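What follows are several structures.
Both complexes below contain subunit A, partnered by subunit B and then by subunit C.
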Partner chain A sequence: MATVQVSEAEKVYILHGIRDDLRVDGRGCEDYRHMEVETDVVSNTDGSAKVTLGHTAVLVGIKAEIGKPRPMIANQGYLEFFVDCSANATPEFEGRGGEELGTELSNTLYKVFNNQHSLDLKSLCISPGEHCWVLYVDVLLLQCDGNLYDAISVAIKAALFNTKIPKVHISSDEEGGKEIELSDDPYDCMRLDVENVPCIVTLCKIGHRHVVDATLQEKACSVASLIISVTHKGIITCSRKVGRGSLDPESICEMIEAGKRVGKALHPPLMKLLQQEESLGNKRQKVGFLG
Partner chain B sequence: MPTDTKRVRGPETSQSPLLFWSRPAKVLPSHGPRADGRQRDQVDVRPVFVRCGLVSQAKGSAYIEAGSTKVLCCVYGPRETERKDETDMKSGRLTTDMRFAPFSCPERGSWIQGSQDKDFSLMLQESLQPAVCLHKYPRSQIEVNVMVLENSGSVLAHAVTCASMALADAGIEMYDLVLGCSLRQDGGSYVVDPMYPEENSWRSGSGEKQGGLTVAFLPSLNQVSGLQSDGEMAEETLTAGIRTCIEGCYKLYPVIQQALIKAVRRAALPPAES
Partner chain C sequence: MAVDMRLPTVKNSMSLSHSAADRKDLVVPGDVITSDTGFMRGHGTYVDEDKLTASVAGEVQRVDKLICVRPLKTRFNGEVGDVVVGRITEVQQKRWKVETNSRLDSVLLLSSVNLPGGELRRRSAEDELTMREYLQEGDLISAEVQSVFSDGALSLHTRSLKYGKLGQGVLVQLSPSLIKRQKTHFHNLPCGASIILGNNGFVWLYPTPGQQEEEAGGFYTSLEPVSLSDREVISRLRNCLLALAAHKMLLYDTSVLYCYESSLQHQVKDVLKPEVMEEIVMLTQQKLLEHES
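What follows is the complex of A and B.
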């Protein structure tokens, strides 16, 4: 992971500030940095989104392919996650350097979506036991400035919202053979219901308090953080302690409560923004990567 | 009619019969006593058998058996670190490697470490690291290798307990032991220390609120060093689950202490006496 060197004096400064609910960049303990979301940024994907959170930039592309359902769950499609830590983000990721972080992130994403309600996987089924849609969710880290988990989860939610899966019809001929027919109309496509897709909130324990959306400097001051993924209803789909320190059971409960509150508040503005962007259609001004 | 005898006349792709055979058993009752006679909604952990010092080559080793979950752990080191590029040479490095034997699960696994094993290794490392006094071992690394011989549920929790025992057996300085406990939430009720079928029953089950939780706990410092959960849980359920797991860890504590004392006594005795 990209790290910064923070001196002892700087650490004390950050620590004392957080004790008084004042962070280096002027935010409160439960405030996010400025976040920008743009969907439909890569034309070759079925759905894509780019999220910038402070200086953290994440690009998510979703490709839908027809595959075979998992034998245990024949009537559902599935998601595949892959996180690529580009060497652009930090030279440490060069070669195989980013692999460890990439597996950690993708394994967490599998856990976040490992439940029945996050996404309606049954709608991804084409014919039970034979064909289904497989959504390949590829995450690319363009810039790292702390709080990767939150940025990635928001980007995934936005990209899933943007995903358009072509409609297919199954026709069977006289001999009982089945054929998949793709619709002629490119606009005839299926959308996913992303209302229940959770967002991840990372809480960094710094001193006796915890902060949301920690920068790299703040992260260097903390020994342990808790990540929890929260749906718009406040259901927790995944939680995990990361970092080399340990946490008090009492503070874990406080952090879960704070994380749920922050996570729940994250969903309505995001959905509103996505719908607004969608309604603009072609008139929308594209910002792209240099905006 | 001539037939090609060399060709296998089966379908091109096939599935293990186990997959279909075990399907009716997958629906477990969500009330009443559990398959092995333990109670629901109670901190009813499986009795464990633990022993230290089985592998003579290793600096420290431990074996734990809970029900039919069998985990073996070896600790090597501290020795000179292999990776010289690490910037932080003032404290030691703890490396963990957790593997499942190919025959440990109902379906055969491969020897190559999959992404799930890597995830378990990482969880194990994060759970153990807060307990080890790594600053006492500058420029060195301590290797923890865990092998799951039989997976009958709650593997990660028992691996954490086993690994901390092996570390203690190796004489590595630690702040505290690390104990693991896991729980499975199934709608309104929960089961502590779930077995393999209990852990995996929900995938095909209905859409009720179900989830799994594993906690690693330092009992005398009262600190949670590892936490992971998946599935769907309300906030209250999750916090209640964490408390239940901590209670489960306390139940395990005297057993582990006894086993360590026994191991120390055995090591202290002159070999001629026995």
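What follows is the complex of A and C.
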């Protein structure tokens, strides 16, 4: 993650502020920064979304391809995650500098989605054991200003909502093999149900309190963070602790409760926004990257 | 807890004055400035097939026969006498390297800082070894530019009681071209906080120190908790600075103060919402126009 240098006096100022529930930009400990979400920004993907959270900007593109299902679970499709930390975000990511962070982020995403309920993977099956839809989720970090996990998870949820998978017809040809036909109509497609897709909440421990959506300066003052992914019902699908410091069990319980509360409250405005954007249809003024 | 999610909108540039006198000659890289060969080319220009072309995006300045283009967004180019706020990046032998948003790290020589107690003596080897006790990597300082080296690096000094290590407060990093050059860059705002508008774009907001001035010139930084009311003022000022910078307004004590007053009707964290920023900046521009006329 990009780091900034902070002096000792600045750290003390930030610490005391968080203790009094007034952060440097006036937010409370559980407030998010201004977030902007836009879908359908990349034309040659099946689904895409761009999320701006403060100065953090994340672009997600989803491509659906027909592949062979995994041998253990023959009647489901699956997702493949790849996170690319672009050197645009910060000079630390130049060359292979962003690889470590990228693999850490994609491993966390695999863990978050590794359950039966986040996404209905059975609907991605075309013919059991032979063909299924594989969704390649590619995440591109454009700007890094703290709180990457949250922005990435919101972008993935928005991109999955926007994904249009073409409908397939299976017919058997002369030799008994299966032939797959994609329908020609571009509007004849299948949408995914993203109700249960979780959102990730990062809680940073600073002093004796925890904050949500930490900026880079606040991150420099914290020694440990807890990352939990929460569905709209408040169910946790994955939790991880990152950072060099230690967390005692009481504060972990507190942070998990706070994370559940905050995560649960993230979903309704996001779904409302996505549905509002969908209802605008062609009248929507696309902003893209030149806003 | 609050989550503010919305669809992105195209930002409209807004300015109140559209008079022809304000029309500046703006160019982008590649624009032909003039085909007249009688002019001398200055910074930001080059000659392309006998035509004077701009190489940076900015406004054209003409002084008799010299044409140069002053870029709008650039690294800090220091002059002697500028007040800067910088962060120590390295501690070397007999000097510190300070990051000031310029092309090269600036230099703060050991002989250019005040010793504790205001002593005037030759710096000894012991002083060299205890440099890190005074300024470490990551510390913030306010300093003045003493001279410019031949490669463009700035040499800073803190030989006055008003400069030195900075204590508790908030740093806001903005573009150097937004800071107006004034007689003094240290202001004690009437709203209850103090501000240092560094020429290099780094603005430092801190709670106004009490009656007793620091005798040591920055050697002792108070780590006492700052009161909640002071914190609110500082957070509001920080958000106002970001709002003014987002709309490319010139920053000086009057504009910052007017922006602060216009923002009082909103909550501190709401000031960063795009529509509130627009409203506040419009009010500030109106007040400044009234003030001038």
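Convention: the second predicted complex is superposed on the first by the 289 of 291 C-alpha atoms of A that agree within 3 Å, B and C clash if a C-alpha of one lies under 4 Å from a C-alpha of the other, contacts with A are read in each partner's own complex, and residues count from 1 in each chain.
One rule holds for everything that comes next: contacts are C-beta pairs under 8 Å (C-beta built on N, C-alpha and C of every residue); 3 or more make two chains touch, one makes a residue touch a chain.
Owing to the predicted nature of the structure, the values given are computational and were not obtained by experimental measurement.
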Clash or fit (per the criteria above) of subunit B with subunit C on subunit A: fit
Partner chain(s) touched by A:S279 [first = subunit B, second = subunit C, both, neither]: neither
Subunit B versus subunit C as contact partner of A:L266, first or second or both or neither: second
Superposed model, angle subtended at subunit A by subunit C and subunit B (C-alpha, nearest 10 degrees): 110
Contacts of A:S171 with subunit B and subunit C, given as first, second, both or neither: neither
Partner chain in contact with A:D20 - subunit B first, subunit C second, else both or neither: second
Distance in angstrom between the closest Cα atoms of subunit C and subunit B, superposition on A: 10
Common interface residues of subunit A - those touching subunit B in one complex and subunit C in the other: none
Subunit B-facing residues of subunit A, complex: 71-73, 103-104, 106-107, 111-112, 114-117, 224, 226, 234-249, 252-253, 256-257, 260
In the complex with subunit A, residue positions of subunit C that touch it: 1-11, 87, 89, 136-140, 166-171, 221, 223, 225-226, 228, 231-232, 235-236, 238-239, 267-269, 271-274
Subunit A residues within the subunit C interface of the complex: 5-10, 12-13, 16-17, 20, 22-28, 30-38, 52, 212, 261-262, 265-266, 269-270, 273, 276-277, 284-285, 287, 291
Contact set on subunit B toward subunit A in their complex: 15, 19, 115-116, 118-119, 122, 126, 129-131, 203-204, 207, 209-211, 218, 221-235, 238-239, 242-243, 246
